[in-house]
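When the chains are written out, they are named A, B, C and D in that same order, and each has its own residue count from 1.
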């Protein structure tokens, strides 16, 4: 029996379970393969007491439909920076990659499939360089990987964010209010742009186009008549930055440090609008983790399933050091080395921005 | 042609449009009635330049399906406190109720239907005492009116909040995190209780049961094993208060004063949990106005439609000074005087709390 | 360890899993109880090889969110009519209730909770009369039980049907078409009435009001102008009957005999409209099992959870021969004997029909 | 003031309104353009009494969110086959294209944007050949146009169909049933394939792969154990054909002739399975027009909006005789002549079929 080990790393993302299920279903067609899941990303292998789970068809039946990941994930640590508690209570990080290689040999693991974002794939590449038979599956709701046209989870996040814009539209119109919705996306404006366009927002603020608050104010004013009648929906990406300023994440190291969420981009914009003399009521909503959860849309389930099938077939073909990617409607493989670190951002002069401006959306530029 | 004037006051609420449509459709069966909508609550009548809209069947076709209110609403002012700008730029509030009575006479309005919350119905009662032919239709997503078993909008808010809990569940489980969801409800815990129960939350914090942070901590600890494995979803009402403390709204006058949202109940709880030594990751989501928007669920559309038909029939029967109410599955009328100011809160020893504790939900008591 | 056995019988229904979970969670609070699930209704006990499953908290975690029933169900057989294959290949039905009683004793089962519809509860009563410690939990998406104000699953079915009406509305309007939607409900029109009202249908046909095709034709004609412009949405219950005619289920024994779906009430109505000279395009949709499936709405989850908690507490109090019921917003218990066979139908002169007619819905009477 | 006329033709499709809105919003940026809508496809121009509607921003605000088309559509007639009633009551079809050209001149229409399927675009090409300044926008939920990678409406239909598969899954599993879902797609299996893959169906029957009923039976049998335990979800396209047989639409001219829906592909398959000795319960659902209706998903709204902006810009650039298309994530223009009649079908040896087989879906081949 040959064994392939699967791990999911980084923030959770709708479609992870569909990838896992596809790997297991595809593997079950071959007679001599077994799939193991490492619990809580590579922690299941790295910790002293190994924690893996045999994944057969019964274990994964129906999970394509569920958000999250049945084998757990984590955003911390990993084989090259495993936290070890020192006597004084502080942590130091040690390289546990050799331990991991040994453990995998012991378990009879032939190949590893690592499903994760850019950070995870950097680790994949380093493990590959150490000699591990590893294959990457990209994962990010932010859709900011140059190597692949789409990542699963992104479309679901866009649908959830668009639903929020739809819901806020009726409130804004009924109350003559300004409603600001903050969505995820890290340094990229994909979720903001897509949901602003789909929801018919008035203003869309993305990291790739630093906003001039005066331009935003001017646009808002045009939406209100002399009686203060009018309304506006604004979608802002968490990584938004004012002209000459920086994203809050850069200022604070990370929004949500000490595991708590600080006021973010939406709140800053609201304060700036008030400071600039906007008198209309403003309400902000930070959509948060709702964007990462729930049932993946059909598009994402199918993309994720294609990725899973392809990943296992790459194992069969020993295409190690490669990553699954979606290009021009085909699932292909690309070298991990090329894939990592190549961020795909919204280009300010792209067709999509042109379209959005064509239906009157302002970007604060 | 006899005329009935309709106004919607206070925060928007799914189902308002269904009430308006039902009034118009029902009135169209009578040959000699016309429905007017006052724009932006009573402002359409109170301001110098009257702003009303004739509402016929074409104007309201299909609106039962849409959130918000097609005639607008406001949370400020009203006939007894109409803001007038003074020379120094500040405002004083004047009684414009006589002006309103005159204007209605001028417009040939026989009766007024005022759709609104407790504040609006207090105004209805005062107008009734002044001699206005007025009928109230209760409206609140908070479901906190003793006079009626249900108000429209509440069930929709519960469904939206439950969907959020569902979405957060998968993230919490995948990451071993604590996710705190803050929902609306003012002084009442109905939305929190219903969505926590439906979503299967671990902890539910409502204003009616002040929480002992130690009890919450204890419960959370029980959910995690020695490896830090486990997760918990917490639903907290915006009006939640710690034992011996007060709701943030009381502290700050109103959350969201100066039209900006301050950190709320969810953030306070997160800080308290951290302070008490909880090491698990915590993420907070404030659902905000998403709860008020969007498509009303079938239950709310039907309740709202029943209210609208009844309200117009009360006009036909000249049952002025009364409010529509839903009791024991019948739509009836009750005196406005009795209805106002009688808040319906969650009773800590009620069957629903008993049910929630029966499936293991902790309330911090 | 005391044991309680749970079974789900009859057609599946959103909320079944929430009842099961609530029983298990509530039982886990007591130290000395264990819950068993009988697989595929009572078949798990009745067949030669016993098939039961221990249901602990891990087995039911998160299932309140899922449609169907994790312990399976069946619409055939039961302890008093167990099918036994004869030598000639045909079946005879034998009374296996004594065998069942023995088997339960053997398994150490103290009490049985039977979740099911009217048919299942008749069996419960007969088993109770034989001496079984049995408690009933009502289940039907049709909401046609007089003993309880609401049954879980009904509101979900209404929401699904209303969503279908919403979707058909835009097509009907764009094409000047008549769209007929057939919904479930057996002899009762509750689902049809509620979804027609919520969706703003033009015509609603329910079993309780036999329809005069001429009245329906007349109403349809009024919706179209001289240019053939107009549209109409019709919601029809599967049990609908023309004046002087009968429901198709009565004609054919059962719609769907030989396990296949025949043309139903919607198709009959379409043919009648065509025969009466309606020239507009007509399209029919039979919603079918989509109404029974999927995620229960929050309302149903909470009702189902209340039923489950109550049912287990009735076991603790040995209230055997009783059924859980929801009356006037409280979950109570009623004698099975009274509950069975008392059908709750839509009353043609009820307030809800009055409301529907008030917003212009025609019933063909 | 220059005028552009917009018409929507053929079956309705989620996203039509988003195209219309985008054209109007984009046109409003130019100072000297006005948009007219022809009511009920080109009928508004072709009939004796012209019926067009000025579409300004107020007329289209918020419609991107709504299904259907605010200017109506029709599946009959057109400029080259305008039905004229003869004295004996029958119809003959006349060429009204010259009348149409004259009328457009009279109205001062510079250019026409025709949003419609393959049939509509054939008409566009013929009108272009007659000298009309016309631009096409492709529309089909079936996604079967070779000229464009995606058409709006398709993804929404897939999401609706997938939701149906999800709902049927729980019923199938609870009852050990076979549930057959019939979806749209004409001669193409795109909706069936995508929803079967996303929903995790057992069997998927598409027109491109004629099915061998014995293969289907064999697969179904494998899903059931000796006790008759098991279940299966089958998704079948309306255009499905058995090996050596033909699609029902070919047999009957058109399914739904005489404006009534006959039993379709799902019913045929159910009968074939029964005839082949399958004893499990079978239930069929024909999803019908629900797939065409309702709120377009974000993906479709954005695609449709891009199409609308592009179409108007093609008017500005006088790119007549061209059609908007989406290729490799860019919206481009292609000659109508090339675009029409080039059907895109599922290729049996494509990667997507390979993926579906990789997760165990059977196609009856």
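A few remarks follow.
Please note the rule applied: a contact is a pair of C-beta atoms (placed from the backbone, for glycine too) under 8 Å apart; a residue touches a chain by one contact, two chains touch by 3 or more.
These are the chains along with the protein names UniProt gives them: A, B, C, D = ATP-dependent 6-phosphofructokinase.
Quick caveat, the model's predicted, so the values are computed rather than measured.
By residue number, the contact pairs of C-D overlap by more than half with those of exactly one pair in A-B, B-C or A-D, and this pair is A-B.
Farthest from chain A, judged by the mean position of CA atoms in each chain, is C.
Distance from the chain A centre to the chain C centre is 41 Å, each centre being the mean of its Cα atoms. If each chain is reduced to the centroid of its CA atoms, chain B and chain C end up 32 Å from each other.
For chain B, the set of residues touching two or more other chains reads 166, 169.
Pairs of chains in mutual contact: A-B, A-D, B-C, C-D. Contact residues of chain C toward chain D in the complex are 8, 11-12, 16, 40, 66-69, 72-75, 160, 163-164, 166-171, 173-176, 179, 229, 256, 258-261, 263, 267, 270-271, 274, 281-290, 292-294.
Across the complex, chain D meets chain A through its residues 21-22, 25-26, 28-29, 62, 64-65, 149, 155, 158-159, 161-162, 166, 169, 194-195, 197-200, 295, 297-299, 301-302, 305-306, 308-310, 312-313, 328-331, 351-352, 354-355, 358-360.
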